[in-house]
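Common to both upcoming complexes is subunit A, partnered first by subunit B, then by subunit C.
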Partner chain A sequence: MNDRTKPSSLLTTGISRRGALKGLGAAAALGTAPGFVRYAQSQSSEPIRIGFQAHRTGIGAAYGRWYERTTAAAIKRINDAGGINGRPVEIITEDDGTDAARGAEVVEKFANQHKTDIVYGTLFSHVVVGSAPAAGELKMPYYVVSEGYHVASGKMNRYVLQPGITDVRAQCRSVAPWITSNVGKKITMIYPDYAFGHDHRDFFGPAAAEQGGEVIAQIPIPPTESSFTRYLPQIPSDTDVIYHVMVGPAVLTFVKELGEFYGGSGPKLFGFIDSLEAVDINSPGLEFLEGSHFWEGMPRYLQDGASEHEKAYREAVGLDENGASINDAKDVSTAAHMFGCWETLYIIKAAMEAAGYRGPEDRAKLVEATEAMTEFPEGAEHPQGAKVFDGKVHQVFGSQNISVVENGRLNVVHRTSIEDGRYEPEADYTTQPL
Partner chain B sequence: MASERFARWSRGALAGARWTIALLALMPDQAFAHAADRGHVLLLPTGHYLVGGAAAVILTFILLVVAPLPALDRLARQRLPLGSVPVWPRLWGSAACLLLVCALVAAGFLGSRDPLSNPLPLMVWTVFWVGLTLVQGVTGNFWWWIDPWYAPWRLLAAISGWKDGFVVLPVWLGHWPAVVLFFAFAWFELIYPAPDDPERLAVALIGYFLTNLAAMLVFGHEQWSRRGECLSVFMRMIARLGVMEAGPTADARRSVALCLPGAKLVNAEPLPPSGTLFLLLALGSVSFDGLMRTFFWLGLFGINPLEFPGRSAVMGLGTFGLVATFVVLALGFFSAVGLGERLASAAGNMLPAAGALVWSIIPISMAYHFSHYLAALVVNGQYALAALSDPLMNGVDLFGTAGLHVQAGVLMGAERAWMLWNLQAGAIIGGHVLAVLVAHTIAFRLHGSTRAAAYSQAPLAVLMVAYTVFGLWLLSSPTGA
Partner chain C sequence: MTITTRDWALHLGVIAILLAANFLLPEYHRGVFSRVLVLAVFAMGYNLLFGYTGLLSLGHAMFFAAGLYGAGLPLYHLGWSVPVSFGTGLMAGIAVAAVVGVLALRTTGVAFMIVTMMFAQVFYLGTLYFTTWTRGEEGLVLSQAMRSVEFGGWSLNLSDPSTRYMLALALFAVVLLAMLWLVRSPFGRTLVAIRENEERMRMLGYDVFRAKLTAVVVSGVFCAAAGAAYGLLFGYVGSGFASIQYSILPLLWVLLGGAATTLGPLLGTLFMFYIIDYSSGVTSAYLLVVGVTLILLVLFFPKGLLGSVRERWLGWLP
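Our next item is the complex of A and B:
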C-alpha cells in the first residue's frame, strides 16, 4: 500500500506524507520545490523547523510509530493550508531511544545543530523529565505530549508546556464522579507498584472520596510480576468496582486470571486503556473484559455520533472504524493518546501566529503567547473536543471518554465535563523569568 | 566566547542532571510499556514447548548412542558437484558492495536523523546483520563474493606491491583480533546507547572499515579476514552451516557443490582456543541480547522493566552482562567438553576436542539469530525498503517503495504471536538437534568408535538440553527493555 495520494504529491499537493517528516538538509530541497510557490508572499519562505523528539527505538517504539503517523498527518494538513505564518513547516525527527539521557542530548542537538524553532512530541515521562532541564537552559520551547502530571506539578520550567493532552491527575479526577454514581462506591484498586500506579492511587482515591466513594483496598503489584493469582484473594468480597491500571506484557495474563478467579461473575471493572493501547480488545484472554468500562482519551472505535472533525482527523491519520491502520487491520493504534500530537501542533501554529513568530529570537514570545491561550474550541484543530488551557501550570484540561466493552468493541457511554478534571493549580510558571 | 558558553552549559547541564535524578526519584510517571505481543506468548502453553524441546534433544542423543555413526559420517561427506564458476565477479561484487557502503555512509551523514527513515542503520542492523547472516547460514559463503574490503585491497595491494601484506600475522595471535573486534561490535550493538543513530553509525563504520583495510594491507587480505576482521570471520564460520560448498579449482575458478546442512561443520579444521572463544562469544552475545530484556534480568538488578530508563542508565550493567554471559557459556562449554573427553578416554585432550566440537554450536548460533531477530527482520526490513527508495528523504522514489506503509501488524495479535512463537521454538529446537548430530559425528571422528563418541558427548548433550530450554525460556519470558 502506498501512503501517498499521488506519486507526484510532493509537487502537486505541496508536501507528501513521508515528505512531511524531513531529514536534515532537506530544507533547501523543500524551499525550491514548485509546490512551495504559495509561500513566496510571506516575509520569509524559510521553513518553520520543529524538532520531533521521537521514541523510534527502545521501550516506546510502538507508541512512537503512531505519534509519528499522527504528526505527519497534521503537518501535511497544516502545510496544505499554507503552513504557519505563511511559511512551510518542516519536521526534523531525532530518535531519543526512549532514554532520558539521550533525550537531553537530543534537545541540545535540536538547539545547537539543527537550530529548530521548538522541540515537540515527547511521550514518556522519564524522557520529558530528563530533557526539561536542557530545554530550560537553552531557552527552547518544549511542547510535550506525555500525559504525566510532571508539567502541571510545577517541577519542570517555563519552557516546558503540555497544551495538547490532559494529565493523569485530571483524568483520574474526571472519571471518579461517573464511577461512584454509576458503577459502585466500594472500590478496590489494583495497580503496578511504581510511579505510574502511585499516580492513580494518589489522585483517584481522594477524588472518589469527594464523590462519596470509598477505596476499600489498594493492591500494589510488583512490576516484575507475571502471574497474579496470589494477589486476587486480597480483593475484599464487598468490592463493587475493581479499578485496574496494570500495564506491560502481563496485562493479558492479569485479565485472564481475574476472569478465572471470578468465573464469570464478580465485581464490575473499570480500567484505563493505557493497559491495552495498541492491543486488539478481542485478543484471547481478554474475554472477561466484556461489559467492563475503560477510560479513553479519544475513542479507539469510530462512534455513531462522531463529529465531522473527528472523522476527518481519523481519515487523515489513517484509522479504520476499529481504530487500526486502514492499511493494516492488525496494527491497532494508540488512539487514546496520539490525538495529542495533532492538537499540540495546531496549538503551536496558533501560538506562533499570535506571537508573530519569526525565528528563534522570538522563542520567549512564543512561550508567552502559548501561556496567554485560554480556550480551544472543538474543531478540525481539536477533534478530541474543546479544551481549556491554564497558562500558569502550562497544562490543558479537557473532556474524557468512558467506554464500555460491548461485543468486542469499545462504545463511549459517557463524556466527562472539562470541569470534572480541574484541580487547584499548584504552580505558576509565569512568574519564572524567560 | 565558545568556551564560556560551554562552561555555562556544562554547569547548567550538571545542575540539570542533579535535578533530573532528584525528579526521577520523586516524579509520578506514566507507563506505556504496553501489552505487546510477548503478552500473547505469555498465554501460550510455552512450558510444554520447553519440556518438548528438551525431550527432542535428549531423544536425539539417545538415538545417536545406538545409531550407526559411520553411516552418518558418510552422509556428512556426501557432495553433489554442480560444476564451477569463474571468480572474476568477486571483484565486481566487492566493488559494488563498497559503492553501496559509501552511498549508505553518505546517507548516514546527509539523510534523515530518524533511524527508521535513514537507510544506513536499517541496512547495517537489519539487512546485513540479520538478513545476510541468515542467507550465509542457509546457503554458503555469499559474503566471499561481496566482501567490500576485497576490491579496495586489491587496488591498494597492486599499487603498493604488498600482495600478501608485509608482516606475517603471528600464529600465536590466533583469532584474538577477531575476538576483540567482535566484542567491540557486540558492545556497540547491544550496550552503546545509540547504535541506530545514522551519523554515529556512519562514523563507526568508517572507522571500522579503514582500520581493517589498513590491517589487510599490513597482514594480507586472506589472513586478516580469517582471523582479524570479525564480520568476515563470523560470516565465513556461519556459512559452514549452509548447503553450498565452494572451493578453489586448479584453473582458478571456484567449484560449487551441494551438501547437507551442517555437513561442512563436520569437516572443518579444528579451531585454536581463540577461535573457539570467538564462536562462543558470538553465541553469547545473541543470548545476552535476549536475556537483557527479560523481567528476570532487569529484576535481578532492581530495574523496573515497565519504566526502563533507557540504555544510557544501564551501560555498566550491560557490559557486565555481556561479559558474564560469554564467560558462563565458555565455562559451560569447556567443562562439558573436558568432562566428555575424560569419560571417553583417559588421555583425553580437551583443547583440540573443544576446537573441533565448537563447530557444532553454529546451528545453535544460527537458530538464536533467526529467533531473536525474525521480528526485526520482518518489520524493519519494510522500513529498509522504504528508506532505500528515498535515501536522503528528499522526495525521490528510486524503487517505487518510498511511500510504503510499513505493515507492523504482520506480527501483531494473538494469531501472529502464535505463528512467530512456533517458528522461533521450531528453530531453537531444530538448531539444537542439528547441533547434537554434528557434535556426535565430530566426536565419532575424534574417537573412532560409537561407544567413545557417546561417552564423550554425554556432558555436551546435557549442556545442549539446558541451552535449548534457556533459548525457549528467553523467547517466552516477559520482556521490558
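Our next item is the complex of A and C:
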C-alpha cells in the first residue's frame, strides 16, 4: 500500500501581503549572507521524501495504525512550520505485512523505485533485522522506532539508527531499581520463549541483582501455548513479584488464568505494557491487573502533571484523556511506543538541517550528522522528555515511566532518570565505512 | 524420452533472456528478479515432489529453512567461508529430507500432508527454542563482510546487485536444467507413473518407496539450495522462513505456474510477487485482490498458467 501525505498548506494556500513582505525580507537577509550563492544553487523546492515502512497488515497492524497517525501528525506540524531545510516533506507509505522478507523488499522499493531520501518507522524487531542488510547495502539511512536491542548491539550496520525510542536493555535496567526497592526482591520472570523474551531474561536479571534483588525462577512459555495454567504452579511460593512480558492475544488469557490461580491474593505483578498496547485496560478478564504495575514509554492516560508539550502532542495525534482516539473511545492507542515516531521525525529534521541535506548524495553526511547529535531537550519536538543520544551505538537513552493500575486507569508513580538506563556500549558503528 | 532440441531451445532461451535481463531491467526490478529466481528454485524443488511425484507436502519450509540455517549459522558463529557454508546448507537439507522422507513416506495422502506439516512445525519451533544461537523470530544479520568470497586475491561481493543477480541466475539455471534432465529421464518417468498409479508400479516390480524417497531428498536439496542462497545473498536468517507460510507459498507458486511443468514455478513465483507488489500500491485491501485473482485463476486455469498452455496448445512442454 502506498499513499502520499500532501505537502503542507503553507505551500498550497495563497500568499498574504504580510507573508510576502516577510518572505522578501528573509530573502534579502539571506542574499547578503556569505555563501548564499552556493546555497541558492543547491536549494530545491522538491519535497523531501521519507519512505515509511508501515505494519499495515500482519501481527503489527494495531501498532502500525497508530504509528501512521502519529507520523501524519508530526509531518503536518513540520510542514506547517516550513518543512525541512525549507522543503516540504512527503511521506510515502509501504506495507511490509510485519514480515521480515517483505520488509527488505520494501526497503529496496523505497530506494530504487520511489527514490525516497530515507526509510523510517519500523517497529517489529524481526522486520528491522530482516531489512537492515538491504538498508546497509543500498546505503539508505534507516531510522527505526523499534525499541529492540538490535541496533545498540552492534549487529546492524552504519545506516541503521534508533534515535527516537529507548531499547529494551535500557528499559529493563531502568525499572529494576524501582522494582527491587518498592515491589519486592524475590522475582519470578514469565516470558515468551523467543528472542523478545530472552532479551528481558538476559537484561533484567543482572540489573535486578545489582540492586540486591534476585530472580528466583524463570518460566519461559513456548510461543504456541494458548493456556498457561500448567505453568503457574512453577511460580515459587516465596515470590514477591511476578515480572511478565507476555505478548499477543494470549496475554488476556494469561492474566485471566493468573487471576484465577491466585484468586485475589498472591505476589505483586510488574509487566511491560507492550502486552496491552491498543488493548483497553478495562477489558473483561483484566480485572486482576488492578493494583499491578507497568512500564510505559509514555503514559497512555493524561496525567495531572503533564507538560504543555505533551498535551499539544496528544492533541495533534488525536488522543483523548484515556489514550484512545478522540473519534472512537474503543480505539485505544499504542501510546507507550508511538511517541517515538514523532521524536524520530524531528531528529531526522534536525539532522538533515545540520547536514545541509540536499538529496540522496548527502545520505552519508546525514548519518554522520545524526551520529554527531548528543542531547535532545524536552520540548514540543521531544514531548516524552529529554534524551541523550549515543552516536557510537546509534541508540537514544531516556526516562521511563512506571504506572499503577488504579480504578481501571494507569497512573504514573515513578519516572526513572536517563542514567538509570545507561549501560556500557558494546559497539561502535562510527568505525564502519560509509 | 530424451530431451529434444525444442526442449533445449526453450530452456536455454529462458536462461538467455534472464541473463539479458540483468543488463536491461531497471534497478528495482533486477532486485525483485534476484529474489524471485532464488524462490523459484524453492518452487521447482517443491514441484518435483508435488507436480511430478504427486506427493503434497505441507512442510517444505523446513527444507528451505534447513538450507538457510545450515548455511547461515556456520557463517555467523564459526566464520566459515561462503562456499563451505553453502555446502553445509545443502548437507543440512539432505539430512533433514532423508530423515523426514523415511518417516513421512510411511503415510500417503492426507496423512502425508499432516506428517510433513508436523515435522515442519517441529523444525520451526526448534529455531525458536534455540534462540541463543538463532535469535529466533528476530533472526540474524549476515554482514556484508561475512558474505564476501576471496579466491586468492580475487574477491566476490555477494551484496553487489549484479553479482547477486548472476549468482541467483546460475543457481536457477543449474536447477532448471537438472529438472529438465530429471523429468525426461527414466527416473522422472517413474515418478510420474507413481503419481498416476502407484499400485501398478509396485506390481510391475518398481521399488516405489525408494523412488519416492529419492524424490523427497532431491526436492529437499533443491529447496535447501534455495534457502542457503537466500541467506547468503540477502544477508538475513530468521525463523519466519521456517513458518507454515513458507510451506504454503511454494504450493501456491507451483499451482499458479502449473504443476509438473519445468518453467511453471518461475512463472508462478514471478506472477505472485508482482500481483502483491502492484496491488499493494493501489489499495490497502490488496490481500483481497490477491485472493480474488487466485480464485479466478483456479476457475479458468485449473492446471496453472503453463499447465493450461500445455493442455490447450503446446502438448510437448516438459
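Definition applied: the second predicted complex is superposed on the first by the 392 of 434 C-alpha atoms of A that agree within 3 Å, B and C clash if a C-alpha of one lies under 4 Å from a C-alpha of the other, contacts with A are read in each partner's own complex, and residues count from 1 in each chain.
Keep in mind that, in the parts below, contacts are C-beta pairs under 8 Å (C-beta built on N, C-alpha and C of every residue); 3 or more make two chains touch, one makes a residue touch a chain.
Bear in mind the structure is a predicted one, so any value in this text is a computation, not a measurement.
Peer 1: Do subunit B and subunit C fit side by side on subunit A in the superposed arrangement, or is it a clash?
Peer 2: clash
Peer 1: After superposition on the shared chain, which partner residues are touched by A:L276: those of subunit B (first), subunit C (second), both, or neither?
Peer 2: first
Peer 1: Is subunit A touched at more residues by subunit B or by subunit C?
Peer 2: Answer, by number of touched residues of subunit A: B.
Peer 1: Could you tell me if A:V251 is touching subunit B, subunit C, both of them or neither one (first, second, both, neither)?
Peer 2: The first partner, subunit B, only.
Peer 1: Go through the superposed model and pick first if A:E296 touches only subunit B, second if only subunit C, both, or neither.
Peer 2: neither
Peer 1: Pick one for A:E343: touches subunit B only (first), subunit C only (second), both, or neither.
Peer 2: neither
Peer 1: Applying the touch criterion given at the start, work out whether A:V168 contacts subunit B, subunit C, both or neither, answering first, second, both or neither.
Peer 2: After superposing on A, A:V168 lies in contact with subunit B but is clear of subunit C.
Peer 1: According to the stated criteria, A:D390 is in contact with first (subunit B), second (subunit C), both, or neither; which is it?
Peer 2: A:D390 sits against neither subunit B nor subunit C.
Peer 1: In the overlay, answer first, second, both or neither for which of subunit B and subunit C A:A134 touches.
Peer 2: So A:A134 meets both subunit B and subunit C here.
Peer 1: Does the superposition put A:D320 against subunit B (first), subunit C (second), both, or neither?
Peer 2: Once the two structures are laid over each other on A, A:D320 reaches no partner at all.
Peer 1: What stretch of subunit B clashes with subunit C when the complexes are fitted on chain A: 20-28, 254-262, 326-334 or 380-388?
Peer 2: For subunit B, the clashing option is 20-28.
Peer 1: Could you pull out which residues of subunit A sit against subunit B in one structure and against subunit C in the other?
Peer 2: The answer is residues 1-2, 56-57, 94-95, 99-101, 104, 108, 125-126, 129-130, 132-134, 136-137, 148, 150, 155, 194-196, 198, 223-224 of subunit A.
Peer 1: Quick check: in the complex, which residue numbers of subunit A touch subunit B?
Peer 2: Against subunit B, subunit A makes touches at 1-4, 7, 10, 16-19, 21-26, 29, 33, 54, 56-60, 62-63, 65, 92-104, 108, 114, 123-127, 129-130, 132-134, 136-138, 146-150, 153, 155, 168, 192, 194-196, 198-199, 202, 223-224, 226, 247-253, 256, 274-280, 283-285, 318, 324-325, 327-332.
Peer 1: Report the residues of subunit B in contact with subunit A in the complex, numbered from low to high.
Peer 2: Spelled out, the residues of subunit B in touch with subunit A are 9, 12-13, 15-17, 19-20, 23-24, 26-36, 38-40, 42-43, 110-118, 193-194, 196-197, 295-296, 298-299, 304-313, 386, 390, 392-395, 397, 402-410, 412-414, 416, 478-481.
Peer 1: In their complex, what parts of subunit A are in touch with subunit C?
Peer 2: Its residues touching subunit C are 1-2, 56-57, 94-95, 99-101, 104-105, 108-109, 112-113, 125-126, 129-130, 132-134, 136-137, 148, 150, 155-157, 193-196, 198, 222-224.
Peer 1: Which residues of subunit C touch subunit A in their complex?
Peer 2: Counting only subunit C, the residues touching subunit A are 26-28, 31-32, 35, 125, 128-129, 131-132, 135-144, 159, 234-236, 238-241, 277, 280-281, 283-284, 286-287.
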